[in-house]
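In this document, chain identifiers A, B, C and D correspond to the written order of the chains, with residue numbering beginning at 1 in each.
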Amino acid sequence: MQLTEHASSLDELRERFQTVRNFSETLCEPLTPEDCVVQSMPDVSPTRWHLAHTSWFFETFVLARQPDYTPHHPEYEYLFNSYYNSVGKQFPRPQRGMLTRPGRDEVIEYRHSIDVAVSRLLEDLPEDMAGSVPAIIELGLHHEQQHQELILTDIKHVLSCNPLMPVYREGVTQLTPSRELEWIDFDGGIREIGHTGSGFAYDNESPRHEVLLRDFSLASRPVTAGDYLAFIEDDGYRRPELWLSMGWSALEQEQWTAPLYWFEKDGKWWEFTLAGPRPLNPAAPVCHVSYFEADAFARWANGRLPTETEWEVACATHGAADGHFVDGLLAADRPVHPAAAASDQPIAQMLGDVWEWTASPYVAYPGYRAAAGALGEYNGKFMCNQYVLRGGSCATHSTHIRPTYRNFFPPEARWQFSGFRLARDAE
Amino acid sequence: MQLTEHASSLDELRERFQTVRNFSETLCEPLTPEDCVVQSMPDVSPTRWHLAHTSWFFETFVLARQPDYTPHHPEYEYLFNSYYNSVGKQFPRPQRGMLTRPGRDEVIEYRHSIDVAVSRLLEDLPEDMAGSVPAIIELGLHHEQQHQELILTDIKHVLSCNPLMPVYREGVTQLTPSRELEWIDFDGGIREIGHTGSGFAYDNESPRHEVLLRDFSLASRPVTAGDYLAFIEDDGYRRPELWLSMGWSALEQEQWTAPLYWFEKDGKWWEFTLAGPRPLNPAAPVCHVSYFEADAFARWANGRLPTETEWEVACATHGAADGHFVDGLLAADRPVHPAAAASDQPIAQMLGDVWEWTASPYVAYPGYRAAAGALGEYNGKFMCNQYVLRGGSCATHSTHIRPTYRNFFPPEARWQFSGFRLARDAE
Amino acid sequence: MQLTEHASSLDELRERFQTVRNFSETLCEPLTPEDCVVQSMPDVSPTRWHLAHTSWFFETFVLARQPDYTPHHPEYEYLFNSYYNSVGKQFPRPQRGMLTRPGRDEVIEYRHSIDVAVSRLLEDLPEDMAGSVPAIIELGLHHEQQHQELILTDIKHVLSCNPLMPVYREGVTQLTPSRELEWIDFDGGIREIGHTGSGFAYDNESPRHEVLLRDFSLASRPVTAGDYLAFIEDDGYRRPELWLSMGWSALEQEQWTAPLYWFEKDGKWWEFTLAGPRPLNPAAPVCHVSYFEADAFARWANGRLPTETEWEVACATHGAADGHFVDGLLAADRPVHPAAAASDQPIAQMLGDVWEWTASPYVAYPGYRAAAGALGEYNGKFMCNQYVLRGGSCATHSTHIRPTYRNFFPPEARWQFSGFRLARDAE
Amino acid sequence: MQLTEHASSLDELRERFQTVRNFSETLCEPLTPEDCVVQSMPDVSPTRWHLAHTSWFFETFVLARQPDYTPHHPEYEYLFNSYYNSVGKQFPRPQRGMLTRPGRDEVIEYRHSIDVAVSRLLEDLPEDMAGSVPAIIELGLHHEQQHQELILTDIKHVLSCNPLMPVYREGVTQLTPSRELEWIDFDGGIREIGHTGSGFAYDNESPRHEVLLRDFSLASRPVTAGDYLAFIEDDGYRRPELWLSMGWSALEQEQWTAPLYWFEKDGKWWEFTLAGPRPLNPAAPVCHVSYFEADAFARWANGRLPTETEWEVACATHGAADGHFVDGLLAADRPVHPAAAASDQPIAQMLGDVWEWTASPYVAYPGYRAAAGALGEYNGKFMCNQYVLRGGSCATHSTHIRPTYRNFFPPEARWQFSGFRLARDAE
């Protein structure tokens, strides 16, 4: 993380702090207390846990720096530590769904108590904290925004386990035709990727460094549900030759026959969304696919996934119209953007529709070193058996995404809002 | 089940119906909505599920007998069927904790709607239902009382998974000395066991039949926590020769070193109770032990567990002072009964303190045949790899226990309020 | 075990010792060294392990009683101890198939060295051993005969895992019609069961004791493959109402659709036998079924399984023609006995065709106490979650079976030569 | 794979074919028939399986191209297909250890029959096969050499499971001091990596392509057991901050406290080798470590693992003295090479001592496309969640290794002869 001082004054930071913190609670408004308890699989955390953990972050890394600080509750350090070994023991992750207390009201109270304390600290920041605390708060806000996205992805999974198919929030989906796919060409050569400038970035986006690219072409839009349907209908899930070996094993083990949340009813395809079950929208980007499925589709389509380098260079070159960020709370996931369909930009929607799987395993940039101490555990220790996704999804906040952002998940993960676009070598 | 008409008039039945139904809700008063969601292990069901399932029972087996009956909700038959294959498919048991909807309020509403409908039906019972419905309602009420006990045992397990050790209900435990153990002798010969008379009984208590007994002695009281501590301190959990082979495997697998809910803190033994953590009470009956632990203790103590035949004959012979039934809601589990300690009766407390493991595998009585149809699935299909427990516990309602009652659990189960008393052969 | 001195003189014992020991090796003659390595499931032990363990038994319980005895190999006590905690640690059972050494030749050498030592000891038995050693050797020979049966059941399972379906030994099966089933009536009353007389018996067959029986009828022959086929064709494996709850779970989990080793090919039923694949013989007793399958069949057929008491009383009453013991090494498993079909005896073939599941959980007889020390671990510690089987199978040696013999296996076990016969209550 | 015609004439190829084929059998000479059966974990295959599968390769991809070819055995295509979906179904990998037939003699017979047939074909190669068959045979021989290495790594694991710690082959280990570690500097810039020239290479080594390197330094020798001991003694296995998150999980799950095959006895470190248990040799390269352990050591030592690009460029720049290839059958694994210690070359032993983990996930080179058909399944479908290892080990045949060779294993794998050397960024 870029733990340096930023342009924003402390006042601006305080305001932004409150805005981001409030938004977490806004996201939970449609949920019942019961909804906020369940961990539907080990990857998922209960909503209450997200709300408490993000507060724990500020308490642990900001408030506890004050001499004589008394923790809000003696057990919370243990209960709401996610994975920071340097901080201490953690309540076992797969058991987060066993906790019924503290209840939602108590968690909200915990949040507010932290909010007040951080706000007060910022009003009168001791000199010896001025160098570090603003940057840590900035990091904490981005951390909170990551969890806001997880609140949505996780609750979608929780609700999907219920045959009643509950609605998180009603929403309107406009069915508009998707754009025609075009291939945009890019020249190879030595380029630079990675974070630059004074804005916030995670540590894994640095150092900015030179890369060697070969000529390539990139699709002007993500693969759509309609495109993907053709793959299914061409027996894509029954032809091992299209799949990585581990992908085929996952398919057999999990009995995949379509993206997560798709289901057939009376001979038609539907998908479960945050607005409840909906008929499949062929014009929308396909979503909730694993790396394995993206990779198999690409092989079937005689293309390939772009590397993260190609993706970032393309995004930096052309800019990119924005997609459907969550901050507008448009409700249904992945609506088709009318503007996008009519966009003049060659590559539309690189940010904010679906996270796009790249062909790149998640590794350190050359010269990367994780920071010392607990915050160094934020990103670096996960650089193994994960793939980089780029661009942010409809569940990402628009202030939380940028062209250099490196998200990462294991190749079998499907519960994120993950899609992909195709690339190919220059001919 | 004894599905015959009982003495009670329909009015009395309606009143009893409402009393029992209300008590289920009374039991849930101390719980938050969050508490009612979690399934802390496959054996445990969420509180809301118990509340809904017991209503489903009346809806399915009583209300749905009416022509043109419209179900309360089209999915509830599937969601809240426990194990009745004859009724239809069941939502998978291990996933009951995944359901956040219907929420507690909706479930309560469901309950009340069923209550009203059953009550109305009883007010004006069609002639063709008069022969069967009262008996099924009676069965449903005993079924509900079983689930009332499960509500308590299950929520105790749920709360115990939380390092905060939440309190279900505050309560006072009187620490009084336990009675001295005495051995009561019984003569052998041909006796009868099994249900008799016109009161309610489950089908597995019939037919009443002759058994051949040998002379035996039975302990006047259950094994106490203090007795059991001596076993622990004599390395009882480290000496395989005291254990059944399967028991030793369970001990090693689960790393048992004491009864469930016991823990050591600062060199002292505590137990987690429904009133929160408490110092161990050596005078109280030991509780939350498996059949394996009861059996190993008995071998260590040069005794044995009684057969269910011996237990029932003893109980029928001597009557038995009552224990600490839940209907008084005395709060802490397993208080020591002052009266019991002073009792004149040779065998005190056979009913209502702890379920007592017997040496008897759960098998059909000679001549037993399960009823046809779904209600025949109530008991008979579980007659395998389970052991009979007798007597009822502090969590059993006093109107729900009788000397012929046969409870049953697998030998490794510990989350029930299960203890035991010793027997021995006549010398 | 009946550890008393028997009629046989030491000379007779020595001779019998060598005969039994040799027979173990005779059974292994058709096997390759590779065959003797594999453990195809945790229940199965490799052939070499059986050969070594039975020798370990004599070494540990007989030879090691001699002062200054030097073990054949320092690691064998650990490697070949099965489950005797009193003797010491055991090499983990599920890993027996990991051991490639000692090889077959070394194991045979181990056997012969033990044989010589035991034989010498018997030639000149020290006085202080005269009281115990002959009885322990007798026990060891019966132990060895149990393992002879296991060598056959286990190797059948091992070979069945191979698509090449190898033949253990060629054999001829005579297809003769099975006898008509008759119901033989027995009067109730007080009877005695359990071991009596001076012959050898395991400890679990004692004490002989009185039991109370009700009038019942017993089938004159076991259920045949043809009978069982009718159950399959009547959707027996698809109707949960016929099954115990645990049985139905096992069926679903293991995807049972027929007895173990049955398979369909070109629309016909075959079974894998020790003589390789064979067309199903409808006249032969059905074999390789679990307790669950026997129980479900009985429910379907409006019968029930006999209790072990009923079985023993019937066997004692009528005597019983012998079946097809392995000592003749007739090769194919479960041939139809021509003699049996023509037998005049009302109940034929109670001994030596298939082990017959009874309805009786395996519990201690009243007054039973396991012996002290390691040999007390032989039987007693397994009295949990197992069912009694009676009668011996075609793989049992004829000198190793008797009407009071109590075999036991968990209800899901199918790899033994296990079948069943029906009983019913008197009308 | 480079499926083009090679310089070697058909005669030379035939001779080389026989040499390589014979060597597989030479490797098995010290083994008993029993040794060749066991699969000690799913990654391991039984020796007999390796012997048969390598023959299956020639039968399937060479001999079966002949019209009217009759397979050696109708079931072998199924039994000995490893993972080629295009060829057909495969016997399940985790069950390879269940097969006791065909026995070793039959497998050897199978091998010889294939040898004769291939040899004959090469003597008179039909014109329409001249273009493809020699290249496929070349591939088959390299395939066989890979399995020769696996025969050794797998049997080492099998034997290690046995408390008897059997010896594969006696051997002499010379304990000589290891070289002092030096850091060799390399300049960055654009370089080329990947296969070039007319020799054999697998398809994953192509296309040769440009890469952009930064200045770096590489250690002159692999990390030694002595170096690694210092890491252990500095609590390396108890400090989560040194480990990748997945690595720490693996450590906890598998309870790693040292490299595979290390064990402590009487306060001293030993390792199990193919020559049996040996005192740890501190001068030898550390071996049998996972990627996770290599990565954690590097972090502890303030270094990092080299990328495969760095490794290849270094190897290509300096050449490299050879290590201790198996073809000499020096017996003990990883002896210290006296010559190496005295070598003048700056980087000794890059080839032939231990496989060296690199920091590089196994991905396709730019422009890589797997071949069509079954042989395209050889490498490409495994490009996921694996890391590249370079250099070959003491168990690799010297004719089977080259600087561009890319081996790959999952990061948790330890049973290969895998070590590592350190790199660091230029200062």
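Here, a residue touches a chain if its C-beta (ideal position, glycine included) is under 8 Å from a C-beta of that chain, and two chains touch if they have at least 3 such contacts.
Just so it is clear, the structure is predicted and the values come from calculations on it, not from any experiment.
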Output for shared partners of chain A and chain D reads none
Return the chain whose centre of C-alpha atoms lies at maximal distance from the corresponding centre of chain B.
D
Gap in Å, rounded to a whole number, between the CA centres of chain D and chain B
60
Chain centre separation (chain B, chain C; CA means) in Å
38
Measuring centre to centre with CA averages, how many angstrom lie between chain A and chain B?
47
Select the category (line, ring, star, complete, other) that matches the graph of chains linked by touching.
ring
Contacts from chain B onto chain A in the complex sit at residues 32-38, 40, 48, 75, 78-79, 91, 95, 97-104, 158-159, 161-164, 166
Partner chain B, residues of chain C touching it in the complex:
83, 85-86, 190, 209-212, 214, 240-241, 243-248, 291-292, 359-361, 363, 366-367, 376-377, 381-385, 411, 425
